[in-house]
Structure formats: C-alpha cells, structure tokens
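Step one of this worksheet: look at the structure below.
Should a chain be cited, it is by its letter among A, B, C, D and E, assigned in written order, with residues numbered from 1 in that chain.
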Amino acid sequence: MTLNFEANLTLGKFALDVTFTSGRGVTALFGRSGSGKTSIIRVIAGLARPEKGMLVFDGDTLVDTNRGIFVPKHMRRFGYIFQEGRLFPHLTVQQNLNYGRWFNRKPKESDELAKIVELLGIGPLLERRPGKLSGGEKQRVAIGRALLSSPRLLLMDEPLAALDEARKAEVLPYLEVLRDEMKLPIIYVSHSVSEVARLADRVIVIDDGRVAMAGAASEVLSQPLISVAADRREAGTLVEGKVLNYDAKHKLVTVGLKKSSIQIAGTEVAIGKDVRVHILARDVILSTVRPEQLSALNILAGSITAVRGDDAGTVDIHVDCGGTPILARITELSYERLALQQGMPVFAIIKTVALESL
Amino acid sequence: GRAQASEKVTVFAAASLKNALDKVTAVWEKETGHESVTSYAASSALAKQIEAGAPADIFISADMDWMDYLAGKNLIKPDSRKNLLGNRIVLIASRDRSDPVKIEKGFDLVTLLGGGRLAMGSVDSVPAGKYGKAALEFLGVWRFVADRVAGAESVRAALLLVSRGEAPYGIVYQTDAAADKGVTVVGTFPEDSHPAIIYPIALLDESKNADAASLVDFIRSDRAAPFFEMQGFTVLR
Amino acid sequence: MSWFSLTNDEWTAVHLSLRIASVAMLASLPLGILVALLLARGRFWGKSLLNGLVHLPLILPPVVTGFMLLLLFGRRGPIGTLLADQFGIILSFRWTGAALACGVMGFPLMVRSIRLSIEAVDRGLEDAAGTLGASPMWVFATVTLPLILPGIIAGMILSFAKAMGEFGATITFVSNIPGETQTLSSAIYSFLQVPGGDAAAFRLTIVSVIISMAALLASEFMAYYVGRRVDVE
Amino acid sequence: MSWFSLTNDEWTAVHLSLRIASVAMLASLPLGILVALLLARGRFWGKSLLNGLVHLPLILPPVVTGFMLLLLFGRRGPIGTLLADQFGIILSFRWTGAALACGVMGFPLMVRSIRLSIEAVDRGLEDAAGTLGASPMWVFATVTLPLILPGIIAGMILSFAKAMGEFGATITFVSNIPGETQTLSSAIYSFLQVPGGDAAAFRLTIVSVIISMAALLASEFMAYYVGRRVDVE
Amino acid sequence: MTLNFEANLTLGKFALDVTFTSGRGVTALFGRSGSGKTSIIRVIAGLARPEKGMLVFDGDTLVDTNRGIFVPKHMRRFGYIFQEGRLFPHLTVQQNLNYGRWFNRKPKESDELAKIVELLGIGPLLERRPGKLSGGEKQRVAIGRALLSSPRLLLMDEPLAALDEARKAEVLPYLEVLRDEMKLPIIYVSHSVSEVARLADRVIVIDDGRVAMAGAASEVLSQPLISVAADRREAGTLVEGKVLNYDAKHKLVTVGLKKSSIQIAGTEVAIGKDVRVHILARDVILSTVRPEQLSALNILAGSITAVRGDDAGTVDIHVDCGGTPILARITELSYERLALQQGMPVFAIIKTVALESL
C-alpha cells in the first residue's frame, strides 16, 4: 500500500505545498503548531479540496485536480481521529462507536467492539452522551469510533494528547497491533518524539506548509533538525534490529544490531521479530575505559565519528558502534575532561531500562 | 367529501346575514328534507370565488355592486336575480350621549363629534360605509367630517368602536345597532339620502342543483320574512 | 344547552381545524426542510428569489394570498387545472384547499425556524460522519436532522398555531363552507360579523386557544426531551 | 397618470407602512429578546403561561387580536386608560396603535427566532466570559448577544414582514384612516372590496413586495456578514 | 495565600469527595482520565456548585454551602484555561486576548500584551478569528487570554497538551516566572510528570473522585503510587537544593544538596536560588565501584536503604546519598549480577543533561 500526496492549498496567508509518499505502517507527521499537519490530514480525508494536487491511495486516484477527480469523503473509507473529538452529541457513546459500522459492507464482529471498549476503558460510559464525558473520555471514544469503522487508512491527529500516561501505555501497543497484524496504514500527527519513535516507520517533518525533511524514522529522528518540532531533549537515534533472545526469568529482550547487541527490559516478544529501539542522546554516557560493576547492561564499544557542539553547554558526539550509529549528548565540561576527539575509541553506556520498549 | 355536499344546496351569503339566514335555511331543511350549507364571508370574496368556479348555487350579496359584477360576467341566471332585503343606516352614539340627533341637511355633526371620530365601515370598501358617505354628502355634511372618519373593516367593527367609546358616534346598519346594548340609535338617515340599501339574491349560472330554486323561493317567501324582520331588515317583495 | 357545550357545526369546525392544521403542518414539513436547507446551505442563482417567494405570504395581506391561491389553484387556475386533469386532485372549496392555504401561510415561519437551526449546526460533525462512511443523505438523516430537531419542532408549532389562527387566506381561497372548509377561525369570524355573535365567537376562541395551548405544551415537552438528550454539560 | 405612479394617498400609505413596520419591529425587539431569554433560560412558575401568551396572536384570528387590543388598550380599556392618564399616551386611531398591533402580531415570530438562537448558544463560552470577570450583564452584551445576532436578525425581518402584511388586527384596533392608520395592507384590502379595485390593489401589492424584498435582502446581507465573522472553518 | 477546598459533588454515577489545601506556588492535580480533575477546577472557578462544601481563598469565603454563600464566577477573578479552548468565535484573536482586561480594575500595561503575544508566538494571528486557527494556535490564544485577565489564581486544565515540545519549552519558563515573580498561585492539571516535576510545589493525586495522595511535590513524585496517574517510566525523586555556582564557560549550574552537590547544564541562574531537580529513576545507574573516565559528571556516593522489585523485570533501589534520597531503577539481571543488598554502599551515576533544567 502506498499513498502519494501532492497538494497546494491556500488558507488565508498560509500556503501549503507538500508532496510526500507514505507506505505501509505508520507515517508520522511532525511539525510545530500551525505548520500545516491538520491541513494535510484534511486533504487526505477529503475535507479540504486542494487548489492543485493529486492523491493516490494504492493505485486508486482520490484527487486529481487536473482531471477534475475528487472522491467524496464517505467513499474514501479513511478513519479520522480529529484533534477535537467531534463526537455526535445526540448519540450515546455506544451509538457513536457503532456509527461507522452501519456504513460498512464488512462490519467488524461485535467482539471487536467489546475488545476496543475494554482497551479504551470506556465500558461504564456506553449509555452516556458525550456532553457528560470528561476530556480524556471524549478522546478515547473518538479513537474507538474511528477504529471501529473498518478504515483502509487511519488518520490520527494528536490522538493521545489528552490521555494520561498509563492509558497511553495501554493504547500504544494496540496501535502497533493494528499496524503490524491488521496491516492498517496510519498517518499519525504527534508532538511526542517517543510516541513517534515507537510507532512510526516514516517521519515527515513539516515546517511552515512545506516538507522540511522526510524519510525512514530511524534517519529522520537521528537528525538534529528534528528539534524544530521536538524538544531538544528528545534527540537521539532510532536503531533497527532483530530479537535474538528472550530471558523470561529476568524479562530481558536481547536485540541484535549490526555487529553488537543490546538488552531491553520488556515482555515476551517473538524471537526473530524486527524491532526498533529509540536511544535518546541524553541517555548515553561515554567512557574512555570499559566501565566495571555498573548496573547498566549495555556497554557498546565504538569510535567517535563526529563531534558537534551547540551553545547550550552540551556537545553531541556521534559514535559508530560496529555499524550502529549512536548519538550521545554530554556536557562541554565532560567533553573537555575526557579530551574526546573524532576517531577516538569510546564506550557508550546505555541504561537498559532507558530504552523505549517495543 | 364533495360527493355528498354536491347534493346539498350551497349558499354564498354576505356575512351580515348569518343570524337570520341560518334560521331560515333550518326551517326549509326541516320542511323539505333537503339539505343546505351556507358560506358566510365578505361579498367581495364570495363574488371572486364564484368567478373562480366555486360550487355555489345561490349568492346573496350585501350590495348591488358585487351582484352586478357577476351579472356582467354572465355568472348568474339573470331572471333569478331579485332584490331580497333592504336595510337602513342609522347614527349611533355611545351610551353616555344618548340625546337624539335630528338628521337633516347640514346638521352639525362636527360639533357633535367634538374632536372625536366618526366610526363607520370603510367608505371605499364596506357597503355600509359607502351608503353612509353618500348620505352625508347628500346632507352636505361630508366635507366637514371627511377627515374625521374612522373607516372600519366591517360594520361590526365600527359598532365596536362606538360601544367601546373610541368614537363618540358612528354610522351602521340598523340591523347591527339593534343588538348592541353599548350603543344608542340617535337618528336614522332619511331613505332618500342614499342609494337604496339592497341585498340582492340570485341563482348562479353554473348551479345544477334542482333544489336551489326551491330554497330561493323559500327565502323570498312570507314564511322567511319574519326571521329577517326580526333582525331589522326590510323584506322587499 | 350549557354555556360551553358546542353545537354540531362547531364540533365539525373543531375537527376540521385540527385536521387542517395538522395536515398543513405535516405536509409542508418536507418541503419546509428542503427549502430551509437550500436557503441555509445552497449557493445558487435565484436564492434571493426563492427566499423572497417563501416570505411572500407573510408580506402580503392574507386576503391577497388567498386571491392568489384562488387564481393559481382554483378550478380555472393553471395549477388547479393541471392538478385536476393530471392527478384528479381538486383543492378549491375542499378542506384540502384550506390546508394548502394554512400551509402556505405558515410556510415562512416554518422555514425560518428550520433554517436558523441548520445554520447553527456544527459542520465539523457532518464532516466526521462523512469520514465514517456516511453518504450525504445518511449524514443528513443521522446527524443534521437530529441536531436541527429543535428548529423543526419550533417550525411545526409555529405552522400549526398559524393554521389555527389563519382565516384571511383560507376564507378567500376556499370560502367558509361548514363541514368542508369552515375552520374554527372562520367560524369565529362569521360570528363576529353579526349582532350578538360575540358570545359564540368567544366560546370558539377559547376552544381554539385550548387546542393550540395543548399543542404548544406538547411541543415544548418534545423540545425539552430532545434538548435534554443533546445537552452539553 | 402612468400606470405605476402612486397617488398622494398611496404615497402616504407607503410612508406610514414603513414607519409602522419599522417602529413595530424596533420597539418590540428589546421585549422580544427579554422574553426569548426568559423562555430559553428561565425556570419559573408560569413559564408555560408566558409561552402561551406570546403565541396567542398567532393562534387567534387577527380580528380577535384586534378586538382584544381594543378592549385592553382602547380609550376605555384598563391599559389604555392607564397610559392616557399617567403618560398621556393615546394609541387609538393613531399610527402608534397600528405599530402596537403589528408589533403584537409579529411578536411570536420574533420571540421564536431569538429563542432558537439562544438555545443554540454554547454555554461554555458564557462560562468562559464569566471567569474572565464579565458580569452576567456583560456576558450577555459581549458574548450572548453577538452570538444570537442571526436569530435576532431573522426575528426582526419576520416581524417587519408580518407588519407589512398585517391588516386584520390593525384595522380592527385602529381602523383605516388615510394618513393616520391606513397602511399599504389595509389600502390593498379596501381596494379588493370593490369591484374593479384589483388593478389598484395589485399595484400597491407590488409596492409592498418591493419594500419587503429590499428589507429581506438587507437582512440576508447582514446575516451573511455576521455569519462570516463567526464562521467556523 | 492559601486555598481551602472541600466539596462533594455528584455527576450521574460519579461522586467527587475531595478536600485539600493548596498554598503559594503551583499545585498540580494529577490523576487518570475521568478521575475528577476538571470537576475540581470547575468548582474552584465557580462553574459548578458543590452539593456540600466550602471554598476559602486567602480568608475570602467563596463557597460555603452551610451558610449559603456562593460567590459568582465573575467576582472570583480566577483565570481559567479550559481543556477545550473556548475562544469567543465572534471576536478576533486580539479581542479575545483583551477580553478579560476590560473587566479589570487594574488593567495590565499594554506591553504585557506584547510580551505574551511574543512568548506564545501568536503575533501573526491577532486579526484572525478562532475558526481560522490550528489546534495548537487556539490553545495558545486561550492561555494568553487567561494570563491577561490579571487573575488572582490561575486554573490550568492541561494547558500544554496541544503544544509542540519546542513551544512547551518556551512557555514553561514563563509559568515559572508567574509563579516566582508575580507570586501567582496556579492550580495545574497535567498528565506529564516532567511538567509537574518542574512546576509543582504541591501535588494532589486524584483517583476516582477522591484524594489518593497529597503533599509536597518532592514527596509525592517519589512515591511509586504516582504511577496510577503517570507512566511508570517517569518515576523518580524530586530533589531540592540551592544554586552554589554557575560556570558560564561550560554553562553548568552546581546545585548543592544536603551533603553533596550535582551539576546541571543550563543557562545562568542566580546563585543562592532555591531549585528543584527531578531525577528519573530510569536515568540513574548504580555502580559498586567508583567509576572512572565517565562523561557523567554526577557521581554520588550513598548506601542502599530499600529494594523493591516488580514483575516487569526491573528493581527499584532506594539510595541515600548523604541525606538526599535517590531512586534508581535497574534490571533484575543487573541487580543479581551486582548482588545489591540493603545497607550496601553504592555510587549513583546521574547523567548531567538528563536532569530537568530549572
């Protein structure tokens, strides 16, 4: 499955001029507030008509302004989780959830409903109307409503912003299941690097209506430029690997990288599975000698490939650990003290539990 | 539905006839076993409805004009047209000024009004208003009171204006004045001061109802006369 | 005869008024919703014209409206002839004609209420329904319609109440034939035209007011019920 | 005399109609807003009664409304006496009386529109204004009022249009005095009562329609302007 | 300044029964979605009337159901940033911002407006109406509107949820200024531990309409129980200290704790200032020997006071470093390998830049 997007759209003084392609899995739209993320999603959903543009989903042309093609929104079957909920105020939660199912040729089985209700923790709310829900409850129902409409593509505009961390931690794995098992492509808008790192296969960074950067998540998230949209503190590298082993006793997953391996705390995963690990630069400690007796399990040997200072008193050190690039952010003082230089061998120490779980 | 109603004789009558005519048709129905319905409305509306093909058999107008209008369009059976009733117009006053007024050439209506208004039917549209205006013109009073006239939508409304004390005096049919205790008849206009007040009756050209003629005859008969006279009409023979 | 008991003719007028007002209200509803939609959402040439046309019965003296109906829908009028020839529908001097007159007189009131409600609907909700697979027709039926229910109810009650009070256009169009086209309102009017008719007119007025108040209360209750469901907070 | 030129009397009727319709509309507006607020938001004993009262002019035949006005506001009526004695205000046979009649007849239409709009206002916005320090009066003036403007405009235009078409209650209450209380509507009515008056009636009808259409267009434009500002998306 | 809150409120099946006191500074309301946070704020703002309760602000009784007192919302002068924006659709952004100022005896100077507009980056939007703003832009305007109304107390219901990280990083320091310089008390609802850790003086954890925990931020955030509301990954300790030194060259702040000190990368701070540092448990590495040649600047000696395992393969180790409690979360495997026990001396290694800046 691929989505080819190409659109020009003017909204007052704001001009959107974006072209990108997204494939299977999750494509994250990343960008500062007002950069045009929602506008892009609206064009995909068929809620906005570009002045000039083209939208092709899996060979199916949805928009082509040259040929005057515009497939209306209800024929696209794209589930859209809006930034502001948009629940139907006259329907109960249950009716809201079921709304999309009425219009689907292939209705989901009813235990699908039960499962999603359970996952989102909205069981006690089913008989209520949206006016009587809390902010987070509304958002959860909106997520459920979109999921249950059997979409071909899921458009999620900051879906988890209003959720508490515990609930987020429950919903994210489900999105992964959708992505991996249901093979549902997802376009995901989020300001959270950790969410994106965890879910996204591709990341598209939007800046002022234009694509500032696009590419595989592992590439884009390792760029310092990502900090236009994200917290500097969330810079890091996204590393891809394969599960080599699972230690059930210690609940430790061993992930094989290019020439090394790292260990991550987590629940059982199938051996051989491809996984991604987001290593935050600020979580990496460098040492010039191999450290002993540390609680950190992951100590990777490597050599410094680049050094980049900034004016905030920190230095970003790029380390190549057997083909796996690792970014470490350390203080200028340490940088001076350890006399680090390009080409120097170092050890990167990564706290196991600091890793994003899969 | 229309099917049964078409067997009934349908009368289109000026609204002011309601009291008397309801009683007359009731007697006729009882005596003959036939049925009738009467639609009371403004003569103007009835005439235009007849023009538009209303399923009426008999038309009784409150003035000659609307009957002439239909006659001009050949919508009535010419030989069936008869003058049915006559009426008089009277000067009424609200209860608190019941002194009789001598209505004669040049009588001082303006002074009587004393700044108040003269209530009457609209002088252009309501028949009683037209007759009233003609009478006042004949008596040479009109030009003094023309701008003091309050033209009401109907005689009944004019009557109400007087009985509520809005206007000190008014000109209405004697038929209407008789029934309202709030007003006093203080004078009757001479019969020669205005065109004769005549309610004509006629069978309509399109009427196919065989009983209609019988009803017209009954309405014009001596049997019916007392009902009209009781309301103050003059029965014309 | 007790003061309040109604004569047969009066009962007939009550029945007839109820029937005419209900039919006028219900029959004009679909068209009312359609026109309100067009006026609220449509962008077409002649929209102002349509809007003006809808308001005409309000602007014109009812008698004029009645005459126009007579000219158009009468036995000899162009539409009247057409309806009679093609569909065998005769409106003139039938209760159906009275319903037409009442429907026309109440139409601007109904359309305005519904239109106001439509204009207040959050288009975002309709968009959301669209992305969930609902076609425009379904969006209308499942989202727009329920949300504009308060306006529809208001429009219906205005139309009904107007039909109860209307006589100018009715009496001009279909006359005042007892048992066929004589509504409470025209009966009241007739009584007011003759000496001594005031008491009877007053009695019928009370009846008319009672009926309309009952309808009004019912509508308020419905609106309350509908509103409670959609209540925000 | 060209077919279309109006006589002096007719010009007077045009002026008068405009004045009466405008005054009726504007004077009933504050009360209309107040009553709409009460009905939309209030919770008090007798609310149904007030609601019924507001609808009365719609339910009753206009002639009856005219009679009632006469009974209440006439020279001998309780309110009429009060107004005359205390404030020197006399309504009978004055254009002001006609404006009262038109205002009363249009009142239910105005209140309904405004009420519908009030019921559609998001209370959350009013709460927000409150937390920013606005007293209920200010909240109403700066938030509620601007948001219900479409309803107010709709109510005003309905009231105006109704005033242009009204004659039943007017003529009954204040009669049909050229230059004082004779509106276009009553002039049209008068013409229709005489054989051959159709042409004149038709001419005045056209005038009336032109005026009302102009008002309607203006209101649509205003509503569009207001709506554009509040446009969501 | 103190706020005494005591209220019972029933909303359908939900019952709120909460009593707490909050003092100067920021009081964070923490809790899962649907736990009753917004309901509490609504009572404080005067938007909801408790069935039974009492609300006293600085000796000023705002609500007392026993005595029938209920000060209406517009007399309370509490600025409220709503969870859903609630901008006035008929006013421009500028008019929205100015709205609260009309009603204030003591209007803020107009450069206050300029400053807040600048801070929130809403300058280009001033002439627009809210319907034409993006989600984040709306939220920023709502923040500005409340700030400009010269409130005596600020109620913030997830104000930063829709903002990108970079914008958040700009707004947070301003909130700190409000708290510290303007002495504006703030009640703050958030799901983000890092936001709360940074801002809050007191934390109140709400669970199902009741107070589950309340106390100083440093206490509450160190409790494992906080994870009802927060991500487990954000557990840690909040440490209080005083700025001892600022190294302008390396942009390093030295913060003195009870008996030790730590170094934090950051911009200039006044020496002597009281600061707080949130140390995430997952950012602490333990070592049984003093490590050498590490890029981590902070190595604190201490001894293990408690060990608490969980069933996720990690162990929480409480370490006392000269009177300063530090929480470290390590894998079970490391725990076994290092043979850690209560009372054992250890070194806690904290990456400098991993600390919350002030």
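Side notes on the structure shown:
Quick note on the criterion: a contact is a pair of C-beta atoms (placed from the backbone, for glycine too) under 8 Å apart; a residue touches a chain by one contact, two chains touch by 3 or more.
Source: prediction; values computed, not measured.
Note on connectivity: the fewest chain-to-chain touch steps from chain A to chain B number 2.
Each step here moves to a touching chain, and the least such steps from chain A to chain D number 2.
The greatest centre-to-centre distance from chain C, using averaged C-alpha positions, is reached by E.
If you average the Cα atoms of chain C and of chain D, the two centres end up 20 Å apart.
Separating the CA-averaged centres of chain D and chain E is a span of 57 Å. Each chain gets one centre point, the mean of its Cα atoms, and the points for chain B and chain E are 89 Å apart. Centre-to-centre separation between chain B and chain C, using Cα means, comes to 34 Å. For chain A, the set of residues that touch two or more other chains comprises 84, 132.
Residue positions of chain B in touch with at least two other chains are not found.
Under the contact definition stated at the top, the residues of chain D that touch 2 or more other chains are 63, 67, 124, 167-168, 186, 189, 192, 232-233. All chain pairs that touch, listed by label, are A-C, A-E, B-C, B-D, C-D, D-E. Residue ranges on chain E touching chain D, taken from their complex, read 45-47, 72-74, 76-80, 82, 84, 86, 88-90, 99-100, 102-104, 129, 131-132, 145-146, 149, 155.
Contacts from chain C toward chain D in the complex involve residues 48, 51-52, 55-64, 67, 108-109, 112-113, 115-117, 119-120, 122-124, 150-151, 154, 157-158, 161-162, 164-168, 185-186, 188-189, 192, 201, 205, 208-209, 212-213, 216-217, 220, 227, 232-233.
Chain contact summary for the complex, chain C toward chain A: residues 124-125, 127-136, 138-139, 142-143, 146-147, 229-233.
Interface residues of chain E facing chain A in the complex, by the touch rule stated above, are 11-13, 31-34, 38, 83-84, 124, 128, 132-137, 139-140, 157-158, 161-169, 191-193, 227-234, 247, 249-252, 263, 265-267, 282-283, 285-289, 291-297, 312-314, 328-336, 338, 349, 351-354. Only residues 2, 5, 10, 12, 15-19, 37-41, 45-46, 48-49, 52-56, 154, 156, 175-176, 178-180, 231 of chain B touch chain C when the two sit together in their complex.
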